[in-house]
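Two complexes follow with subunit A in common, the first pairing it with subunit B and the second with subunit C.
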Partner chain A sequence: MDTVTLTIDGRPITVQKGKTVLQAALEAGISVPYYCYHPGISIDGSCRVCVVKIEKMPKLQTSCSTTCTDGMVVMTRDPEVVEARAGVFEFLLVNHPLDCPVCDKGGECPLQDFSYTFGPAESRMDFPRRVFDGEGVKADVDFGPTLMLNRNRCILCTRCVRFMKEIDADAQINIVDRGYGSEIATFQEQGVHTLISGNLMDVCPVGAITTRDYRFKSRPWDNPGVVDTICTLCSKGCNTSAWLKAKPEWARGSRLIRMTPRFNPDVNNYWMCDIGRFDYHWVEGETRLRRPMMRRGTALEPAAWHDVEPRLRDRIQEVVTADPTAVRFLVSAHASNEELFVVKQLVEGLLGADGIKAVSMTWTRSEKPQPAGTKFKVPATDAPNVNGARDLGYDVGQGNDGLPDLTALRTAVEGGRVKAVYVIDPGPQGSIGDVSWLIEARRNGTLPLLIVQGVVTTPLTDAADFVLPGAAYVEKDALYTNDQGRVQAASSAIAPPGEALEDWQILVNVARALGLTLPYTSSSDVRRALAAAMPGGPYADADKIGFAQPLPASSWLQASNPSERWKWDFFFQDLPPVKGHSVQTEGSAQALFIPLKPVG
Partner chain B sequence: MSFHPRMEYAPAKFHKSERTLAEQGGDFKYTPENQAKFDENVTHYPPEQRKSAILFALYLAQGQQGYLTAAAMQHVAQQIGCTAAEVEDVVTYYTMFYRTPVGKYVINVCRTLSCALLGAERVTEELSAALGIKPGETDPTGTFTLVEVECLGACDRAPVVMVNDEWHERLAPEQSAKLIADIRTKGAAAFTGCHLNKEAQQGAGARGTGDRGKGDRT
Partner chain C sequence: MAYQRVLTQYINEPGSYTLDSYLKHQRGYEGLRKALTLKPGEIIDQVKASGLRGRGGAGFPTGMKWQFVLKDTPKPKYICCNADESEPGTFKDHVLMERNPHLLIEGCAIGCYAIGAKVAYIYIRGEFYHVQQILEAEIEKAYKAGYLGKNIFGSGFDCDVYVHRGAGAYEAGEETALIESLEGKRAQPRIKPPFPAVAGLYQCPTAVNNVETLCNVPLIIMNGPEWFSKLGPEKNGGPKLYCISGHVKKPGVYEAAMDTTLRELIYDERFAGGMMDERPMKAVIPGGSSVPLLLPDQLDIPASFDGVQKAGSLLGSAGLIVFNDSVCAVWLAMNLLHFYRHESCGKCTPCREGTDWLLKLLMRIERGEGQPKDLDLLFGVSNNIVGKTLCAFGDAAATPVLSTMKLFRDEYEAHIRAGACTLPAPWRAKHAMAGAH
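Up next is the complex of A and B:
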């Protein structure tokens, strides 16, 4: 790797060739403000707050657009820089409303932070602010189905414009007018329509673009819990952070408050799609299954686990004793590797060595409407673990590229040859695909026994004889194998609701009731067994995967939400406040600045 | 529009922006002549830089119907191979693209430094008074539109106005009303045009810096 060595604020710093001065400074933990620069999109050099002094250069330079060269001597705290920078901030705030307390970005806003740190204490501009769509709430206008826009807050960094052009490959956002009248807009105010619109909230360094889903629902300091996990709503497996709102146990409302992407250059870069970002409400929604249920006559009634298990055992054993081939399993590819591993042991114990043949995998597929050139393609497969199922020996047909083939199972069920179907469906409503034939077969009696282990109430659970409440993807530590074959960890952020259990636990309990001992008392036990059973491959280290640990990011640049994570990690360590204009000129002030590295 | 069966999007028309939008306008299509001109013009650029033809494409569209409607912008976008938003970006940037119908004569008064120092503001006032309209407006007969613009690049002959594509140099505020009257009677012949063009026509070596423009300082 070619490197160059330069000096920033008297410190020799060695970076990869081609990096910019700003990147070098940030990597070294030297705080330089920036707005138009975003590591995931092209360089613009328009906001000017990143100015630094470079020896032998006639004027101050924008560090975001200056490439490091050997022997360069950079100063970021020179009085000349400090003054110029403060001037830029004074201009940025000429029209920006100073009402952070009522802005949705307040508390996690780079404009707020950097202005406190680098801006002037007071503005000399005392004329009225330019107002676009009205003041206060009138300024928040529609920006498409998922977003709102507040032009008064916009600092015209053009990150959103470049994001749409470069990442979405459909330049829907533009700047209309010029100079003082410039405003961010969409053609004829049609708004932003894209599957990856939520990222615009992340890239916007101010409160100009907010998501309808999250805006004014919570404040950063109300969300102390952030769990690093992955999204399991399609086969991409974006690395994400699940944000939890602090609230007492008894208070109403959900704890899961938003999902944001987490940087992983090999999977999702800095981005995630709107499905993964906004489709989490079902986890704590009304339709969640909270208690086991059992059919008594025509009614499905809540029951306790210890009542359900023996009844379930009797019914299954009855079928198995008569004809072991009459028991079938229908498993959603939303099941994790742990769950699939336990299912495999369960069927082998119950039905013999090739018991796995009794299991059919299922998932859905939908081509997403996206521009041809998009840099963030959302896969068609709406399940996270088709590859994991294949690796574990399940029949997934063409796998990620195709649809599951359930015709054999369907024919057998409809022909009355199957006497019991055990469905495992930890995915959201509909993710198991079309099961109307199964519901019909149970309703008309062709199928005498239907067991559903799931997370939400669906027509399928309504038709079932036993309903076993499992855990959703944010409620368990689990491994999924994405479309690249990468084994990734989803972490437990919240506990399963009510009496629901983690799915591996339900399976182990059912197995025990059936007289099979599976020696697992935690999901990590399962992973240990999985690693031992599949040495040498991507699962060999399954037992060593860490959960809910921040990725070993070596700099702020590597955290996806540059304005957010690092700060709250520190916030809760009760560091002394570091805001104030004067510190930056003092040579010894270095220590007072928050180091720009995420903890861990 | 929803991308996902389980995602509920809020109704998109909830808080409306107050931005002035271009009128949608009826179907817009280049006339065959304009299409031919456009097709010829894009060949001036490498295929991957087809977008470079955008200003020409917009002038064609504006020439065809006098101003640019949203439909015209969409047509240009489709011709150029970019999004309508990118076209709107360009259209709104330049003062010489109109999003509302304009008069037969569009009077652009420069208000940048040199012109401002030599009375451009008063020129605007005088023109305004003579026409009975404010800057940005078109008179009821649809003959004149008055616009204030930035530097027209003829600072040495300030104050300058540009009427359609023609300069009129050294327009003293007092003569503004007369200019309007002249346009009404003489049409385009009322404009001084660019002195450099005239000098070039007279074959004078007037482009040398020393005596440049001396002669007509009256």
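Up next is the complex of A and C:
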């Protein structure tokens, strides 16, 4: 690797050739503010807050647009820099509404944070502020189906403009008018329509772009926990963070408060799609299955696990004894590698060495309408683990490139040759595709026994004889193999609701009831066995993959953006963010607390 | 020896813009014919030897600019002629294009040949609609006569010249903003480096040259670099157009060598002919609105790039704006800031926010509602713009404030003390916001 060595604030720093001075400083933990710079999009050099002094250069330079060279001597704390930077901050705030107390970005806002650190103590501006669409809440205007826009807060960094142009590849946002009248706009105020719109809230360094999903729902200091996990809603496996809101046991409302992308250059970069970001409400929704259920007569009634298990054993054994080929499993590709591994052992124990033939894998596909040149393609397969199923020996046909073929199973069911179907589906509603034929077969008696292990109430669970409540993707530590063949860890952020259990556990319990001993008391036991069973491949270290614990959360920046990660260490140790560190007074003992002033 | 005009000698004759007139009076296209017998490098050498400095504002040596244009590249190269002429008080390119367009067309062709380009774009100011029509008609004639197009003079050299009319923005005259605008984007500057010579139009090597600059090129080729450099002081050679406006008797475009003094340009009968109504002169902005003011006792200097710079200002676009004693300095700064605030492209923070703030402060002082602290504030805000912006616009915008405050601080103070302008200024009273949009 080619490197260059430069000096920043007296410290020799060696970085990869081609890095900018800003990147070098951030990597070395030297805080330099920035707004228009974002590591995932092109350089603009327009906000001017990243100015530094560089020896032998006549003027201050923007560090984001200056490439490091050997021997370069950079100063970020020179009085000239400190003053110039404070001047730019003053400009950035002259028209900013400073409505932080009601702004969704408040507490995790780069404008707030950097201004405390680098800005002047007070503004000399005494003219009325620029107002675009109205004052206060009137400033919030529709910005497409998923977003809201507040132009008064916008600092015109154009990150959103460049995100749409470069990443989405459909330049829906631009600035209209010029100079002082510049404003963010979309064609005829149509708003932003894209599958990756939520990223705009992340790239926006202020509270100008907010998602309808998250706005007014929480404040950063009310989200004390964050879990690094992955999204399982398609085969891409974006690395994400699940945010947890603090709430007393008895309070209503959900704990999961938002999903944000987590940087992984090999998978999703800084981004995630709106499906993964916004479609998590079902996890804690009204339709969640919380208790096991069993059909008594015509009614499906709640029952205790210890009552369900023997009854289930009797019904299954009845079928197996009569005709082992009359038992079938329909398993969603939302099942994790652990779950699939246990299913395999279960069917082999129950039906013999090629028991796996009794299992049909299923998933759905939907082509996502996206611009041809998009840098963030959302795959068609709406399930996370088709490749895991393939690797574990299940028949997946064309895998992620095609749809599952259930015709043989359907024919057998409709022909009355199948006497029991066990469905395992930890995915959201609809994730195993059209099963109306299965429901119909159960309803008309062609199929005598239907067992559904799932997470949400669906027409299929309504038709079932047994309903076994499992855990959703944020409720268990589990491995999934994405469309690149990468084995990734989804970590448990919250516990399954009510009496629901992690799916591997349900399977082990069912196996035990059927007289099969699977020696697992935790999901890591399963991973250990999986690793031992599949040496030499991507699963060889399955037992060593780390899962995240809920961490004290400070800001999305820390979770998603390595370039901003230093803030984790510097800024957010005390929230709410009235405590600051001021470069203006660095080295002197005074003024580490920013006095709160009335907003006016 | 009386100066013999070369750029504008025939502009007042009827039909001066026609190809016939150009061929008849100005040895039209002989420069191009001669250039095509030379190697491109030799042309660049001649332009360098002539010492031609860019007439767009910065006075950068044109030969050097052409030499920087990347040579080893498979990409096409371009000449972009900067005809955006929007600097207040500047109207020379307009005259050249309207009255002597073939000189520019020939200059474009020679420039293309010199840097290895086949295409020149003339980016013309949006408001110059009728000039564009003249230019396009004359370009058409040049094609028909074989001075443009394929295989010019049988040399194998091809050259196309297109006119592109801008959407009307001062900032579109900044070279990288011009390129963006040509590409169909908003006229906002790019960060440099890379410079246009390396990655300009469509990311290809590009030379951006002012209209007057390119018009000098055929003259250099025809008459030799020596002739050019000897015309005027050292390093400031060649014919120069001055745009003189304001309170003078005969405002207009005047051609002279750069050894002419500012005093001559303002007072001499050959030029502006002295102050209107014989009122005393208060100040002159010598280079378009973006440069510091000079006082009446600073006029005995050559109106050259180096001469004006030595006096503490800049020759810029050579637009001399002359003020008599009726003009209030605060009003002047306010008027100009109205322009800059209106024209800021808004890309970078200090200029976008600062120009508006400055204007508001100036309007408050001018209204008589200023407070003593506003003077420090004006100074502080101006200095927070200078040197911190993406392009030179920021410095230009702060200059009227800083310069008037430096020279006429007493007038600012008087406004604040008296709550009104204390100048007996009949003209100003009649035109409260003259010139402002």
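Here is the rule we use: the second predicted complex is superposed on the first by the 549 of 600 C-alpha atoms of A that agree within 3 Å, B and C clash if a C-alpha of one lies under 4 Å from a C-alpha of the other, contacts with A are read in each partner's own complex, and residues count from 1 in each chain.
Assume a residue touches a chain if its C-beta (ideal position, glycine included) is under 8 Å from a C-beta of that chain, and two chains touch if they have at least 3 such contacts.
Bear in mind the structure is a predicted one, so any value in this text is a computation, not a measurement.
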Looking at the overlay on subunit A, is there a clash between subunit B and subunit C, or do the two fit? clash
Would you check which partner chain A:R178 touches, where first means subunit B only, second means subunit C only, and both and neither mean what they say? both
Considering only the touch criterion stated at the top, classify A:A84 as touching first (subunit B), second (subunit C), both, or neither. second
Using the touch definition from the top, say if A:F127 reaches subunit B (first), subunit C (second), both or neither. second
Looking at A:T325 after the superposition, I want to know if it touches subunit B, subunit C, both of them or none. Which is it: first, second, both, neither? neither
With both structures superposed, pick whichever of subunit B and subunit C touches the larger number of subunit A residues. B
After lining up the shared chain so the two structures overlap, which partner does A:F278 touch, if you call subunit B first and subunit C second: first, second, both or neither? first
Please work out whether A:Q188 is in contact with subunit B alone, subunit C alone, both, or neither, and reply first, second, both or neither. first
Check the residue A:T7 against both partner chains and state whether it touches subunit B (first), subunit C (second), both, or neither. neither
Thinking of the overlay built on chain A, is A:S65 touched by subunit B (first), by subunit C (second), by both, or by neither? second
Which one hits subunit C, of these parts of subunit B: 59-67, 113-121 or 185-193? 113-121
Going by the contact definition given at the top, which residues of subunit A touch subunit B in one complex and subunit C in the other? 174-175, 177-178
Under the touch definition given earlier, write down the residues of subunit B that touch subunit A in their complex. 1-7, 9-10, 12-19, 21-22, 24, 70, 73, 82-89, 92-93
Within their complex, subunit C touches subunit A through residues 169, 171, 186, 191, 341-357, 360, 377, 380-381, 383-384, 387-390
Note: in the complex, subunit A contacts subunit B through residues 132-134, 137-138, 140-142, 144-146, 148-149, 151, 170-178, 183, 185-189, 191, 193, 195, 212, 274-275, 278-279, 282, 368-369, 428-430
Which of the residues in subunit A end up touching subunit C in this complex? 43-49, 51, 59-60, 62, 65, 84, 87-88, 90-92, 94-95, 124-125, 127, 130, 155-156, 174-175, 177-182
